[in-house]
Amino acid sequence: MNEILYALSGVTKAYGRRTVLAVDDLTIRRGETLAVVGPSGAGKSTLLRLLNFLEPAATGTISFGGQTIVGGDDAPLAVLRRITTVFQRPVLLKRTVAANVAYGLGLRGQRNTQAVVAKILDAVGLSHLAGEKARSLSGGEAQRVALARALVLHPDVLLLDEPTANLDPANVALIEQAVAQMCREQGTTVVFVTHNLFQARRMGDRVALMLDGRLVEVGDTDAFFEHPVDPRTAAFVRGEMVY
Amino acid sequence: MRNLSIFIAFLVFLAGCAAPPPPQADAPRLLLATTTSTRDSGLLDFLLPDFEQSHGAFVDVVAVGTGQALKLGEDGNADVLLVHARAREDDFMAAGHGVRREDVMYNDFVLVGPPDDPAGVGGGGDAAAAFARIAQVGAPFVSRGDDSGTHTKEKQVWAKAGIDPVGGWYVSAGQGMGAVLTMADEQKAYTLSDRATFLARTLEGTHLEILVEGDAILFNPYGVIAVNPAKNPQINNQVANQFIDWLISVQTQERIKAFGVAEFGQPLFVPDSQLWRERSQ
Amino acid sequence: MSLDAALLEIVLLSLRVSGFALLLSVLLGIPAGLLLGLRRFPGRRLAVAAVYTGMAFPPVVIGLFVYLLLSRNGPLGGLALPFIPSLFTPQAMILAQTILAFPLVAGFTMAAVGGVDPALRVQVRALGASHWQATWAVLEEARGGVVAAVAAGFGGIISEVGAVMIVGGNIEHRTRVLTTAIVLETGKGNFDLAIALSLVLLGLAFSANFLIVYLQGRSFDP
């Protein structure tokens, strides 16, 4: 549980002239669940895209499993395929629900995936919709399909970008349970971005606060909430930060 | 993914039909650039199979105006030309574009028009006078307007009449003879046509009548020209020469004389090669 | 040769020429449309403007261009290389029609893939897609538009007369296709045959488009 999976050093990311992310130092351990909290525009989503190696960092290095990896178009496919992201807005393919869930397996050359797809759909409570067009689903159903599509891959790293924003409590509970179960059974490393401090506290082993692209504080969950070091963290957990 | 693959397979199937048709055996091909009149009258369909069988070569006929036919020869895009514009043929030879020219046959041009003949030119034997009268009356006249041999001849007649044909009555069609006859029929207009195409079109249901014929200026000789092979190595001068020898032979000339008699009651073309003339004397 | 045999010959040649030209323009036009629709590179705007211009190009102008190119007096025809088609051959017609159909296929493909949510590519990359797999996924999302692109290309060339007349020369048994035969028979006053040929052409254009719409509606919609 203590092995370091990600090590970020001096990582920045800019869009145009605007620097949206500047992380001097961050390590993520294999098997832990890290919750990233912070206001909108703090760079949380950018951090996830870098952790999935979908984009290159402007400066600095990200090592993954001891290897320095450059993200973007040239990222090694073998590394890319050990990580996956569930985005805040699920983008489903113009196919059936089952075909969407099987998609990532197909990319990896796996055939005859009906059984595993059926099992995962059952786990997220969507068995009855397997043959439906994915684009006809409600928001909560679509997000569960997106989660199933990620879980079925058994990734080493699961990145979640506000996966339960705008969902009703039943769907939130279902998704949280599915993720927690997978961590337990497979030792998956999870980084999830959330606005919801209660969710961060429920699910995170550690919690990180981001403000204006920078990490303010990273700590074990209890310490983060009970004895925050940085005054801005203290204000944030008390709900007193105005942004 | 499979569905798109099926679609692509369908495209490949289309392409399977689409592999360019194989050239029939390795038989030599002769590209004959000619005027529309020889094709549209049916003469070439009547004559060419005999050549193709006896010489084992295929003749590809590109039927265009005489202007474009001569241009095709000039650019070395055709092997042999069959055209009717004597003065321009002579220029063509003088410029070194052709290596051999032979008389083949003639037909004649006729001034045709609507049966009610609004300009009252019917029965005359003077083409220029008839043209002048049409211009004077302002009766509609459809010109080929395509730089063809027929168009060239028409301009000669206008020149002889001393008239520059302009005005709403003068329609420059820019089309082949058959199309111009159809147009003249529809618009109750006069036009100058070669006899062969006129007879063929009349059989198919146009209502134009011959109003002026037999004037010497309406004489329409056809010549065959072998394009200069020095233009490029693809020009097939050997088969072109065989084709010319065959076309001017007495046997083929007999067939030219016979063409159309059964259908129209009169020959459409009059054989006129050197060999034919010598034989007749 | 009977009328039916002559008609069949003309129909088959039309399908061969336009089918092969369509295949070539699809093989070139879909990748070009993907490139223009998905990538940003210097000169892209210029290329897009060129494609849009090409979509509206008059066939006769392309015909004249190919004619001058392939003429034995011209820059390519003068080389007399074996893989360069001669004038008045089906291959020359295929070349002209490929040039005509290419911008149609590329332009419609570009519009179709450009309309796909850019987040889709990021999403499938995050699910482990290689570049090719991601591009394919975008193409599949845009399949309706891509099929329309192919239909537009086919419709554009099966029914055009200007280019094939100029570069093909309307040679019987060799380069005479439906449209040039219609022009010829109309000029000769053979309206019966011209009408028959026109009906066949209409039928072909309709069948091809129907087939494409059918494929689109049936096996492409999940």
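A, B and C label the chains in the order they appear, each numbered from 1.
Simple rule for what comes next: a contact is a pair of C-beta atoms (placed from the backbone, for glycine too) under 8 Å apart; a residue touches a chain by one contact, two chains touch by 3 or more.
This is a predicted model, so every value here is computed, not measured.
Set against the C-alpha centre of chain C, every other chain centre is closer than that of A. When every chain is reduced to the mean of its C-alpha atoms, the one closest to the centre of the whole protein set is C.
Chain centres here are Cα means. That of chain A falls 46 Å from that of chain C.
Per-chain Cα centroids separate chain B from chain C by 33 Å. For this pair, chain A with chain B, the centres built from the Cα atoms lie 79 Å apart.
Contact with two or more other chains is made by residues 140, 143 of chain C.
Counting partner chains per residue, chain B has residues 1 touching two or more of them.
By the touch criterion given at the top, residues 12-13, 15-20, 22-23, 26, 71-73, 77-78, 80, 86-91, 94, 136, 139-140, 143, 147, 150, 169-172, 174-175, 186-190, 215, 219-220 of chain C touch chain B in their complex.
Across the complex, chain C is touched by residues 1, 3-4, 6-7, 10-12, 14-15, 17-21, 31, 36, 40, 45, 60-64, 75-77, 175-176, 178-179, 181-182, 200-201, 204-206, 231-234 of chain B.
By the touch criterion stated above, chain A contacts chain C in their complex at residues 49, 52, 54, 73, 77, 80-81, 83-85, 87, 89, 91, 93-96, 99, 103-104, 107-108, 133-134, 149-150, 153, 159. By the touch rule above, chain C contacts chain A in their complex via residues 117, 119-120, 122-131, 133, 137, 140-141, 143, 222.
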